[in-house]
């Protein structure tokens, strides 16, 4: 092994803490903290998927919550039919159905919307991705069968081979392993030739085209990969919260995912995880301050965000980067 | 000789301006064909139409007999056309070597390859360093591109053009921004690859042009007014008047 | 369909459109011209409404309150620029997005602390509170006409400022290359502070004008900011003209959608189904429009000449 | 008129100027020569306050420039034609000329658009074109015109003839000679040494962020060894 | 010690409702002296941020982290539906102090779930009866486009016998529509004899003002539910929107109800907070009083759930409604009144009861509840 960079160490430490602490809390009788960590890890997966296109591809998707939501509904809708629609058949193989469905539906959605969205650039891209997400949002709101605005309670979780998702520790284990896989996957992709093209197209698309790269195709591929990965995170989230609602895909949620990535440090491996951690932990800590400070928690939180941006370049991961300037 | 590039009756106007006006041009295989002309004559616009970043209003562009007038830029690159930019166009966020390695990677078919880390692909890196050495940037290979000076950026442009090893190179003022010494080195370098590639060279540095070109075309107001050997052009009165000034 | 109703709805659409324009124009100035993404623009709209509402009670007159509130909001904008925005101009848009999101939280929570969650209703002077008869059966609230007039005036003024004054040129030049403008002898920082304050005042004005209709409340900024972004995107970032046309377009489409979509749907589906789907579709409408416009014109209706 | 003493400058942690010293008299044309990446542009940007000097002093007519925001420096009468043109792409050609035009020093007979067009007739036909749509050469001419419109007393040109046709280039040198006759000082970075020798009074050869040699055109012409060593031709 | 988790909206503009509920809870605790018999009571607040997901998280935290015995509160139907499972799965007692979605009265009724408010349909049903009685022949309907909004319009349509001239469901949620110009123009043009609206919270005030500005008071009388309340009236009075005076609403409670508990509640509330309590406050006050009565009845022993449930169901406390009785589905069986907006003796705008519409009304979903 070559010597590890400072950021490499941080990555390792963060991941080890995430692996060890939450289960310890749970075993120590603090079940709620395991819940918090599960949510955190799931959102981190979504943020990691967003980072692939946002950080490395320069494609700022402001509609990623739609993928989370669709992934969650891919669990919720079959479960709903099983319980209320008498589709018993799907119950026995729910794991085989839910996960591929979530990944497939979101990949397809990414492909279809990506075909249109990727014609635009920059802020236009930001807004058109949001537009599609909002359309999905309102679509789900209008489907009363699945609860509309009220959302849908998932009464039975996905059944998987090695994990019993009704057991909080096993649920967490699955989420954490998924995060590791997601991190590895994104790392592999960005370092590959594909990743180089993606990053090149972020820097100078016209140059990439005259070099001979069809940037549209590469970006679309990355967009689909990211969307599917995020859909998977959505399936986990649906299973975890056992409650899904259109709220999950509201633009605020997309914004939060974006903020996690930027806060942690876009285009860094651990950035999104750091961002998600800080975001969730701060939110939790500040909002549990004694009344009335708790309800005004967004004030210090907002100030912190501003300060981080103003004084730390490249997000939290920038704190730990070896390079001083840039 | 066979024509690598044949441009027939190319027209392109922007609003009221005819940037390209019934332009005809042939680049023979292996030839270094220089295009000179006053500022705003339409040289860069011509290159843009040849490499596909702009689409002509009318006329045809033939590459080895194939009509590529409306082909997307990346497809032309696959066929073997590369360009360098007059106004530096690099990927500033990446390292100097990465920029060149990407150009090399582009030649190896599609890049939907997800497994191997690109920075550990030896032949790309080695060849990249070799090219950077040729333009005198060996010691800058691992720096971020932004941190280089203007002249160094200009040299990267050339390294990238060389990396593509394209059959046809469209070079837009490669000497601009280079010091006297570097210009001479560049002339030597181009001499070295001359013959192996067909080159369409745009340059205001007359010493370089006359030292390198097999043929020279003079472009004025979007139209070629003369084509000929360096000596013919030097002697051409219209060219003297429109471009070179009394010498 | 009843023409009077149609005319009234068109007027309503215009009024909404012009209000949107006031917010969007400030946004497009700051975003398109200073190249700064200010998510907190909506908060300035909210602050405008609150400041004006408080002043209305303090001064006893709405119009007077507007006159006093405008510079107050301008100063808030100015300070925001000095303290936060200035150091972020040279940064990535994403950094700006994150920082101004932080600003939203700060502004909104501060408003919550200062004014409480309940919002403030703003009384109008009697002469503005009534209706004007524009024809038989065609009665329009007077105040809504005032909004239309204010919006048109702001649009004209801005258009002139940006396109036909030297100040406008400098602002545009500064957007593309700050360093160079400065190196040519212009105090670009001061200029930008002023533009920012102007944008804040425009947003604030919109907030002041809407407050007598919907009340000043702490969530109002967040509900308008996205629509304002939609407007400037559809119009083409940085284009005042684009923002104007897109704002009217979206104001009209939104209003007419709400007004007539259920009748329209009723033509080819059961009225229950129409009743159900019309609200969802009309809420979706502006996003549909945006997606459609961008699919056909990836740079909006009036693409900026250069970005 | 302009005097740099031991100026140092950094980009982040890496140093680019290592004690740059030079001085320029009123009405003089001086050049900065040197190979790529030696610090010419950095020197100029430091004078203009675009890059912050980390040490040393820069005086212009007795006023200290270090630490001064660049617009104040410019208002003292320094006009910059930057490397890479840096035309405002979203302004029309005419707007590029007039947006920053000024006559802070109240010079008699100030530059006007007409005078610029007389210098560069090519520009006159492109008045309404957006800056980014101009050809490379047109942009370069515009950059010079734009700087002149601020009526400087010291004109600084960084690679100002890059991409210009020989004829135009010659016209620029002629124009500069003319302007200088009216009391303007000029500092040039350019690679056309042959041309520069004709119009410049003094040359500074920059090597690794320092002036390694300075002297008059005649001295430079005479000193083959220096030319060989630093400029190699 | 018995811990009560109380989930309501403390942020966003809807916090105006949440604060009122919190005030009422604090007042109830004050009246109880913090004790239920010999057992100390403690209330922990949770903020739902006006969003079901957040509400569920807040509930989870109360149940898992704070280990509360009761979870009460809930303004919004969807928040309650989302949070329900978290409480019931942990075998804790869930008490709604406002939200009354039809499911939870019917199919999803639960032995551990109680309500101190009503089922959504009931209040508008009462309004429908009022309209019939008043001889209103045609009606225009406006409500937000979400579950409770649809329940409300369904409720009024269930009992109103005249013609529905038109109906608008407007955008709701974080960026709710607050400018109703288009809808009001339609309503006016429809020629209806009255307009029925449901706009809770901040939207209510906005609606009333525009209704006023559009000059509809004489041509299109306003009949509303959950729109004009003690939260919006002070603002409307401050801005002098007289149009609201005389407008009619239906409700299961009113500050003028003549019983000891209510008099004390209203007087102390006004003394402490300076405003009239809203029905949200009244229901929250009742929720705490109900809990306290049950805790006292079981002597603070939370372990025997059956006993606890029985004690709750007995509803042995003095409600501000005068009487309080649970139906089979644990929803209250109660009276509904017609109220009118009036000026009180001090000149403050408030409501007073002018008629009783329903007596001992049972919600229409009780039959669907399988629990008996």
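Letters A, B, C, D and E mark the chains in the order given here, with residues in each chain numbered from 1 onward.
Throughout what follows, contacts are C-beta pairs under 8 Å (C-beta built on N, C-alpha and C of every residue); 3 or more make two chains touch, one makes a residue touch a chain.
As the structure is a prediction and not an experimental result, all values here were calculated from the model.
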| item | value |
| --- | --- |
| Contact-graph distance - origin subunit B, target subunit C | 2 |
| Chain whose mean Cα position lies farthest from subunit D | E |
| Most distant chain from subunit B by Cα centroid | E |
| Rounded Å distance, subunit A centre to subunit C centre (Cα mean) | 31 |
| Intercentroid distance (Cα basis), subunit E paired with subunit D, Å | 75 |
| CA centroid of subunit B to CA centroid of subunit D, Å | 29 |
| Cα-centroid distance, subunit A relative to subunit B, in whole angstrom | 44 |
| Subunit B, residues touching no fewer than two other chains | none |
| Where subunit E touches two or more other chains at once, by residue number | 11, 15, 145, 174 |
| Set of subunit D residues in contact with two or more other chains | 11 |
| Interfacial residue positions of subunit B with respect to subunit D in the complex | 14, 17, 36-45, 86-88, 147-152, 154-155, 173, 176-184, 204, 206, 243-245 |
| Partner subunit A, residues of subunit B touching it in the complex | 51-53, 72-75, 77-78, 82-83, 85, 89-94, 98, 101-103, 105-107, 111-119, 121, 144, 160, 164 |
| Footprint of subunit B on subunit D - complex, ascending | 11, 14, 34-37, 41, 83-85, 122, 126, 129, 133-138, 140-141, 159, 162-170, 191-193, 231-233 |
| Subunit A - residues contacting subunit E, complex | 30-33, 35, 39, 141, 147-151, 153, 155, 241-243, 245, 247-248, 250, 252, 287, 291, 294-295, 298 |
| Subunit C residues touching subunit A - in the complex, by the definition given at the top | 31, 37, 84, 87-88, 91, 93-99, 101-106, 108-110, 112-113, 226, 229-230, 233, 237, 276-277, 279-281, 283-284, 287-288, 290-291, 294-295, 298-300, 307 |
